[in-house]
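One chain, subunit A, links the two complexes that follow: it is found with subunit B in the first and with subunit C in the second.
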Partner chain A sequence: MTATGRTAPETDERLVRTSPLRKLLGRPELGSIVGAVAVFLFFAIVADSFLQSSSFGTVLYAASTIGIMAAPVALLMIGGEFDLSAGVMVTSAALISSMFSYQMTANVWVGVFVSLLVTLGFGAFNGFMLTRTKLPSFIITLGTFLMLTGLNLGFTKLISGTVSTKAIGDMEGFESARKVFASYLTIGGVEFKVTILWWVALVAVCTWILLRTRFGNWIFAVGGEAGAARAVGVPVIRTKIGLYLGVAFAAWVSGQHLLFSYDVVQSGEGVGNELTYIIAAVIGGCLITGGYGSAIGSAVGAIIFGMTSKGIVYAEWNPDWFKFFLGAMLLLATLLNAWVRKRAEATK
Partner chain B sequence: MGAVLAAVLGASLMGCSSTGGKRAEERAAKEAAEGRSAVNTPRWTFAMVTHSGDGDTFWDIVQKGAEQAALKDNINFLYSHSDEGQQQAELVQTAIDKKVDGLIVSLAKPDSMKAVVAKAVAAGIPVITVNSGSAESKSFGALTHIGQDESIAGEAVGDELDDRGRKKALCVLHEQGNVGHEQRCAGAKKTFDGTMQNLYVDGTNMPDVQASIEAKLDSDRSIDAVVTLGAPFAAAAVKAKKTAGSKAEIDTFDLNASVATGLADKSLGFAVDQQPYLQGYEAVDLLWLHRYNRNVLGGGLAVLTGPQIITADDADELAEYTDRGTR
Partner chain C sequence: MTAPQAPAPRDTDTARPALVELDHVSKYYGNIKALENVSLEVHAGEISCVLGDNGAGKSTLIKIIAGLHRHDAGTFLIEGAETTLANPRDALDRGIATVYQDLAVVPLMPVWRNFFLGSEPTKGAGPFKRLDVQLMRETTRTELLRMGIDLRDVDQPIGTLSGGERQCVAIARAVYFGAKVLVLDEPTAALGVKQSGVVLKYVAAARDAGLGVVLITHSPHHAYLVGDRFVLLKRGVMSGSHTRDSVTLDELTRQMAGGSELEELSHELERAPAPDHLGGRPVGDDTP
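This part shows the complex of A and B:
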């Protein structure tokens, strides 16, 4: 970052006001926004039904289910860590509240809060193991991922006798919980699921934490260089555990959505979704090495993912090629992202 | 690099075969395509959304049947699939958004599909359920269900095992979370006079499937029958049996080319076919009949496409059809 002739020689370069445009160009999510516009235009042209108002609700819903998880996952990645257990943790959270409520014949809300505590416990376990053992988070959370997958199936079969939970739709508190986690609003004939509100709120909170609080500075610091961060007094352990708790909280929200949308949970689901969340965060400008990224970027990443996965269906393409298109889109979006960032940095 | 390419091209030009091969296949496909539709109804769009994973043999056959009927009935046929309940529901939603003229869904995870199928029905889209979901189909508002009753199919297996004098059987489940699979094993257990155990394997990892069956056969020598729930897993079970040196008979649900060969050379005992081609074909054809003539088949009950027990005696005449991937 060199101060060019533009700056007066006697002022400190860090105090120089940058123009709003330049500030915008330096944001991590810029590349992904350009990518999102490109993907949107592309499907608007090739798929007739993509621009219908009802499709809008469907795409936003798909994006929100990914985005709820992608926001805290992005924070975690900025903090320099991964969470491979995020996908199955969603299923665990749903299973716990469903089975607890059913077996105890308790008000559904009791199960929901028990699930919150246990899921946060999983997050704390991840964070604690990571900071205690100093092993890579890839290994730690891979272990949690496998253990949770086994626990999900094992406990469900042990308790319910089958691979899915018993229906809790007729229990007390179900209707009010459904309103909170799985209802929808109809605006102008288009259905908007409540997950979209959760998503917007989570992204807003994550962005606020990242940019306006001391904890946010800590996240950037531990992701950039943990040793240096510790040396200047950043509580590295607390920060990392906090980040895993954030992911666990979002997993709880997604899990409750899963449960209250369908009132029965399949124990084997969720595997593979953790990569989707990471992909959304990376498309949104998070560096895989940590120290750089944004929560808004993860939301844009989720929108790109939602548009692509649904756009391919609206365009009536052969689904055999679906994963290929998804991969190509991911590569293109990330390349575009890197290119825009390079250009933005060059103009500084 | 260029030399290699030239050599390969040269070899393929010189070594032409006048029979069989890809060209014969293409010629056959072209002739079929020229058959065009046999009806003069407008070009309706039907969507089929299944719970299939990627690259699944069984669903490939269903799709072939559906495409054949679509060709005949002048239908624009759309196919999509996801093995996650929520994803499958979203795919159905996209079909509703597209305002399709008919919808075909499989209900392996009925609770995930309930709301969205109700939405399709409310939007005036005729729905037919296929494969899994005979119990829920009617209450969800579908016209009819086309498939195999998994319990009945399981019971048929139990009876067949009894006829063959088996005493101790193993039921190999390759998809954890599939309620239909559980019903098959439960049905077989019900009618089988001997004892039957369930064995869970990871269906996406073939070497693991083989190793798990092998370990089980090794540890329990008295097992004299292994029932797999999908055609590709029968081959793995046969290999496992050889390595374990077991005398067990391998039987399987579903059919494919290698199962047909296995039946013919007696490495497999019997196969229970549910005729996937029929599920795809009939679903599209019945939707067409409904749109054209308001016909509904089944009289409020499921239309059964199976179970059909296939043994060495039937294998030969079926080989032709399994080879082209329609049985």
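This part shows the complex of A and C:
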């Protein structure tokens, strides 16, 4: 290359101190990966059956049910917002599919499709209310959370007469829908639930969107400094509504899994799960104030969840301890993330 | 360092309409007059300075030019045609780029992502349409180098740059994206003397590249260093409008500071006795 003075030098003498280690320290996922390794080693030592190949499938399944939601929730948090309605929205999606198909005696796939539209409607409602009223998303989605909780119970009792839906296992289309949402593959003698595939695909798509598309650039921007983003022409409202639609889509996938793996749906389920998704995203390096984080980190957060919840069982401890572990993990991960980010930014 | 483009002639052709012209523009927030009868011209290759104290209406003026607010009275002309801007995107599409003091950049994002924010180049089609990351990084680097900012690493969060560098990145971005009019909101406000000098140099560079610049400031010294026209705002109304030939720095400073008001203030400060309730006691008296 001929030097013209216009092109930047290939290497800058001021960059010598950026070691590969420093680059690694700058990644948002780092804290969660360190945590995941620690949790893995811990349970590998205290629980004998934790390292069995069958446990591997079980842990990944537990992680996938959380991870499917945690990935879009992480994107939403990077975009600077919360969704407290994500947990019960999963139950709503399952109830709608089940009850619509049963009441209309339609092919189950029709119910599944109607559920997709209605669930996306919930997401659009969240996004629309947020951008219209400019109230904090905490309040808006807390409202949606309570309303959906009430609607789930109310409609189910009104239609089925009990708190759970009728079994739809013998209806047309159930088997094929089960194959898509709740089957399992056997690889090397180990059962892997299909949700793991959904999870991997969703994390891959979320990562692609976040790092390699214009929309991803806008997500970072609206979460980091919405005013600046708006000033340079980023469609802030469209971006936020899009993020809520993403969460709603994942809630629909999770809801269909819930329905097709158990056949009946309990209308009171899902309460509290919204916090689990947020915790997984935060452990994975998402900044609670927005503008920073990763989808891969949320997957690592979900794996930590899966390992802890199943590891305690394999260690034959009382599962009551799970919540304590979770709380401790959340604090440690957040502290580690904050420390790592400070170092990475200060020493550059 | 290569010069951006051939410098545009400083004396503007009077036959050509101004890039942006405000003619007796007013803006009301409810019953509050935020801006009344303010006129301003911005010509290519010139810097129009808007001077005023806090609350003088500078921000309102910017927001009208940037498309964030609509004016309530008067006319807003872009290249001679009357216009009402719908939103900031509309202003950008017409070549008006605004760089805000606090809102110039997203601190946690890398420099190259910030540089292209809102106008990201893509390659590929359909679901594989993606950011042209290599082009983005290289362009950021070379464009900043052209403006004289030699960046260590375009991957560093822009929040790690100094305030002056951040302003310069925002200005370089506006120039790169073909802005015809650059609106700068107090670019030197929170900066030291040296940093301010650096920013003013880029403002001048943008002017020499043929852009029309609106420089909002409360420092007459900074304004007089680079400005061609000066509009003084006071409590929402225009208290003075000058060209460079018709005003001196001293006169500008005096008008800006409020002239007689300042004299009165200094008079008051001189004669003010120590207030009793503050325990006014002669210095050195340490009796309990």
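By our rule, the second predicted complex is superposed on the first by the 314 of 348 C-alpha atoms of A that agree within 3 Å, B and C clash if a C-alpha of one lies under 4 Å from a C-alpha of the other, contacts with A are read in each partner's own complex, and residues count from 1 in each chain.
Operating definition for what follows: a contact is a pair of C-beta atoms (placed from the backbone, for glycine too) under 8 Å apart; a residue touches a chain by one contact, two chains touch by 3 or more.
Just so it is clear, the structure is predicted and the values come from calculations on it, not from any experiment.
Of the two partner chains placed by superposition, A:Ala328 touches none, neither subunit B nor subunit C.
Look at A:Thr58: by the touch rule set out above, it reaches subunit B but stays clear of subunit C. Contacts of A:Val37 after superposition on the shared chain: neither subunit B nor subunit C is touched.
Common to the subunit B and subunit C interfaces on subunit A is no residue.
Remark: subunit B residues 54-55, 78-81, 84-86, 90-91, 93-99, 109, 111-112, 114-115, 175-179, 182 touch subunit A in the complex. By the touch criterion stated above, subunit A contacts subunit C in their complex at residues 5-8, 12, 14-15, 18, 208, 212-214, 216-218, 220-221, 224-225, 227-235, 287, 291-292, 345, 348. On the side of subunit A, the complex with subunit B involves touching residues 49, 52, 54-55, 58, 61-62, 65, 153, 162-164, 167, 258, 261-264, 266-269, 310, 313-314, 316, 318-320, 323. The part of subunit C that touches subunit A in the complex is made up of residues 1-2, 66, 88-89, 92, 98, 100, 102-109, 113, 116-120, 122, 129-131, 133, 141-142, 145-146, 150, 152-153, 156-157, 159-160, 173.
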